[in-house]
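Heads up, the next two complexes both have chain A, just with different partners, chain B and then chain C.
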Partner chain A sequence: MHDMNPSVKFIVITASMLVIAFFFNPWTPLIFWLGIILLQLTMSRTKWKLWLLFMLPFSIGAFGYLWTTIVFGAETGGAIIWSFAGIDVTEEQWARALSLAFRVMAFSTLSLLFAFTTDPVRFIMSLMQQLKLPPKLAYGVMVGYQFLPVMKDEFTQIQQAQRLRGAETKKYSWQQLLSMRRILIPMLAGAVRKAERSAFAMEARGFTGEPRSAFYHPIQIDRTDWLMSGIFLILLLTSCIGGSWLG
Partner chain B sequence: MLKSWKLKEAVLMSLFAVVFGIVYLLFVHVSNIWAAVIGPLAYEWMFGIWFIVSIICMYIIRKPGAAFLSETMAATIEVLIGNAVGPRLILSGVIQGLGAEAVFALTRYQHFNILVLMLAGIGSAVFSFVYGYFVSGYAALDPSFVALMFTIRVLSGAIIAGIGGKYIGDALLATGSLRGYAIARAKKGDVNA
Partner chain C sequence: MPEKVFSLTGLSFRFPEEEEKTLTDLSFSVLRGERLVLTGPSGCGKSTLLYLLNRLYPDNCDGLVDGEMELFGKPANDYVPGEINHRIATVFQDPDSQFCMPTVEEELAFTLENLQTPFAQMEPRITAVLERTGLAQLRNTIIQSLSGGTKQRVATACALIMDPEVLLLDEPLSHLDPFTAKQFVHWLEELQQASNLTIVAVEHRLDIWGSFFGREIQLGCDGRITADQNFTPRHPFTFLKRPSAAQPATALCAKELSVTIKDKPLLAPLAFSVRRGEVVIIAGPNGSGKSTLIKSLCGIFEKTTGTVESDRIGYVPQSPEYLFLTQSVQQEVAFSGASTQTELDGLMASLRLEEIREAHPFAVSHGQKRRVAIAAMLADKRPVLLMDEPTSGQDAAALLELFDLIDQRSKEGASFLIVTHDMEFAAGVADSLLLIKDGKMTGKFQAYEVWCNEELLAMHHLLAPKGVARPAESFA
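For the complex of A and B:
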């Protein structure tokens, strides 16, 4: 997984998500979800504690989907399985709700798989080399990415400066959210200046933004990519066919 | 598309994408907690926040592609930081950006008044809703509920992204750091402000 070409991985994952989105039975996303966890168990070096932590909000979100679909779902036929607080839940509604919930789980697992096994810099490099992303943009994103820690420092700096001058800190979290703009504007102004400076620096060092054919860190597509894409395809087919058959 | 772009504009856009990538991520978490309580409706009224970077970048840079590219990049940055929604997010970024870009393209990148900016926010809302209709399976929900979701999202796109985006752009212009970009030139010569 870690050695897979990031662009290929990105395309495979996005494509399988789009395919899964066309199925409304509960089995397809369920099979797919289990398959992905199996893949991740066997073929990656994942920190599972961190993974569980990331999955938590999604499980809650999936649960939210489950109950809103039951309550607000389109009226559909089928036998009533059980009723609760005056809401009759029909068989079809239950299947749909389960399907949506499993879909959320499958999608988030798939996304985590990508996030946990992909190095950001390699991803950008691969986007530029395999998918012909213009270098102007690719290196722009890299500059932005390198500035991340600087931005964090700046955030605390602005916050402290404002506190020093007596800007009161808000008590409630929603008020804090609103006062974000007081920090956002100076941060953006700083970003504008930094962008200008680094653009000058890049041009001064001879960066023209022209596409090139040779790279310092070439990233290739090799046998692993074909193999992994094949495995994904098999998993996708199994869940689609199995899901339609069971549903 | 990028031929007419100066390098400093491209880098500016990337940095904005970074800042808003963080902001977006923050709101993803906030709304996820919300969504657990009141279901998918929670996302709708905050949706405009996720369209804002394309409006701001277009308002400042005023070149074809600014809305589409900035939104895509912000989504990419979100993924790079380690967002759990993952690569699918880039796709929704692309679609939201296209929505805003379509509106600006219709005005031939000539007008950047509040109305056009609000329309761009609505454009993002409509595009993202159509995409969400398929991917998140809104088809399984009650049509009147879907209509409610759609209305709230369009309003959110117009108000938060359109008006909010213009507000931030103007505030930035007031700091004086935007000299040398199309927004400052337009104000000076008021060609099409």
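For the complex of A and C:
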């Protein structure tokens, strides 16, 4: 999974999401979701602890969908399967609710799969090489990516310096948000200066934004990509057909 | 006679938003293999001239150019964008914002890709330039993890991989400590001799370059050439030794102070005291814990152990703008509300802030920003001032101003703890030196003790200040 071409992975994942979005039965997203987890279990090196942590908000969201659809869903056709506290849950509602919940789970797992198995630098390079993203944009993002840790340091330094001045920490979060302005202004001033310097440095080294003829680290599409795309396609078909058949 | 690389006739340059010309009527040529330095006061257009030579200007600023400029015997305007940058490479001032890729190897490859180099040639050229610059062992290192000096070497390697004929340097030493800077110059000299590069540099720390340059062009404040002459090696700007203003009363006393962050001991327990009016220089190699020490003293970092008994402590970071919270200098100084109006007026007058009292603190010069920061600290009744690298990237005039400022405030009872690499400055200003190495304090010494102790200096990557009479020499 990690060795897959990031652009191919990106396209495959986006396409699967779009296709799944057209199926409204609960089985399709369920099968697909289980399939994705199986894929990730067998073919990737995921840090599962971190994965679980990231999945937590999505799971809560999925449950929220399930609950609200059951309680407030307008659709009331079909036989009542069970009822409690004056709420009748019909077959139709239940199916809708499950479908929505599983869909949230499937989409979030899919996104996390991409995020956990893709190196951002490789992703940008691949976007430029396979999907013809203009180099100007691609290297712009790269510079920004290099700046992130520097910006983080700067943020803490400014915060510390201002706290020393006695800039009181505000009690409410909206006040905190407002006082962020004080930190952001010096940071932005610095960022503009840095951005100009970087642009000059790149230009002075012959960067014009023209597409390039050769890459030092060509990112290619090879057998792994075809194989993985195939697996994804099979999983997608299975879940679509299986889902329709079961539903 | 060697070929002319640059040839300027009556060149003038003006930024579109400004009335006056930044550069006026420049005429000179540079021959292949020359080592030229451009000097002059801050803001006289040295860097602008450099950017005209590598064609970053006028296109990037819509500047207006008069006169003629020929590069390699061809009018400058006949080059398409990017074309000239293959032959004229540039190394910039700030080691942090010259890179766009994570590792050294990829950064070098970025340059080659810009030149449309065929894939088969990339690998050998990268290996060759790394060998030539002695950076082979850093090939797969993450650039952001390197020190400033090494980053400048990587930037130079990125310039040299293009096989340029000319190397332009824009104050390449200003972010490096003197020890590292000297190594860089030595390294560059070897490279230059091996390849007969033409070098044009903008620099104000000329003493470190020794006899590297062969020619000097001085620019005046009005952007005209005031001198075009053979380069003479400079002595560093020396400061007169300031008489000590230390009073007997103790201003700060640290005991058993240590800092450990995330199980990493940054500072081993240390103890020292500072008297009122005393100026202490904190020195040591990069990454030895100097900044950690002052940050823990003023409470930015949590102390792991120990106590600091002190008058209230103020802190001036390397970028004083980090401290600013308000819209005008006046409000900035009055921010804490700890001083009366008369005290504030007195401070503003003695720090020469009256003429900028309504100005936005971000819009004033660097020296003024620092004075605003100091005024704000003193107005907040913080008479112990910690300064982080106030000398870095400053020209002689700015240093002299800083020197006077410290001299005056210490007479009025303020104590200073200053982190700096500039030993000439330290020799002038310091009463004592606090030496740190690998997170351990070697000790607090009287300044004159340190200047004649070779072993102590070398151990802390310091260069003995020039112009200080050393007892051993004066006896001989």
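Criterion: the second predicted complex is superposed on the first by the 231 of 247 C-alpha atoms of A that agree within 3 Å, B and C clash if a C-alpha of one lies under 4 Å from a C-alpha of the other, contacts with A are read in each partner's own complex, and residues count from 1 in each chain.
By our rule, contacts are C-beta pairs under 8 Å (C-beta built on N, C-alpha and C of every residue); 3 or more make two chains touch, one makes a residue touch a chain.
Fair warning: this is a prediction, and the values are worked out from it, not measured in the lab.
When the two structures are aligned on the shared chain, A:216 is found in touch with chain C, with no touch to chain B.
Once chain A of one complex is fitted onto chain A of the other, the partner contacts of A:166 are limited to chain C, with no touch recorded for chain B. In the superposed model, A:189 makes contact with both chain B and chain C. Within the superposed three-chain model, A:200 lies in touch with chain B and with chain C [touch as defined at top].
Shared-chain residue A:158: touches chain C; no touch with chain B. In the superposed pair of complexes, A:149 makes contact with chain C only, with no contact to chain B.
One of chain B and chain C touches more residues of chain A, and that partner is B.
In the superposed pair of complexes, A:136 makes contact with chain B only, with no contact to chain C. Residue contacts after overlaying the shared chain place A:49 against neither chain B nor chain C. Common to the chain B and chain C contact sets on chain A are residues 143, 147, 185-186, 189, 194-195, 198-200, 202-203, 207. The part of chain A that touches chain B in the complex is made up of residues 10, 13-14, 17-18, 21-22, 24, 54-55, 57-58, 60-61, 63-65, 67-69, 72-75, 96-97, 99-100, 103, 107-108, 110-115, 120, 123-124, 134, 136-137, 140-141, 143-145, 147-148, 151, 177, 180-181, 184-189, 191-196, 198-200, 202-203, 207, 209.
Only residues 121, 139, 142-143, 146-147, 149-150, 157-158, 160-167, 182, 185-186, 189-190, 194-195, 197-208, 210, 212-218 of chain A touch chain C when the two sit together in their complex.
The touching residues of chain C, counted against chain A in their complex, run 51, 54, 56, 60, 81-82, 85-86, 89-90, 92, 94, 96-102, 105-106, 109-119, 122-123, 126, 143-144, 155, 158-159, 162, 295, 298-300, 314-315, 317, 319, 321-325, 335-336, 362, 376, 380.
By the touch rule above, chain B contacts chain A in their complex via residues 2, 5-8, 10-19, 22-23, 29-30, 32-33, 35-42, 69, 73, 76-77, 79-91, 134-137, 139-143, 145, 168, 171-172, 175, 177-178, 180.
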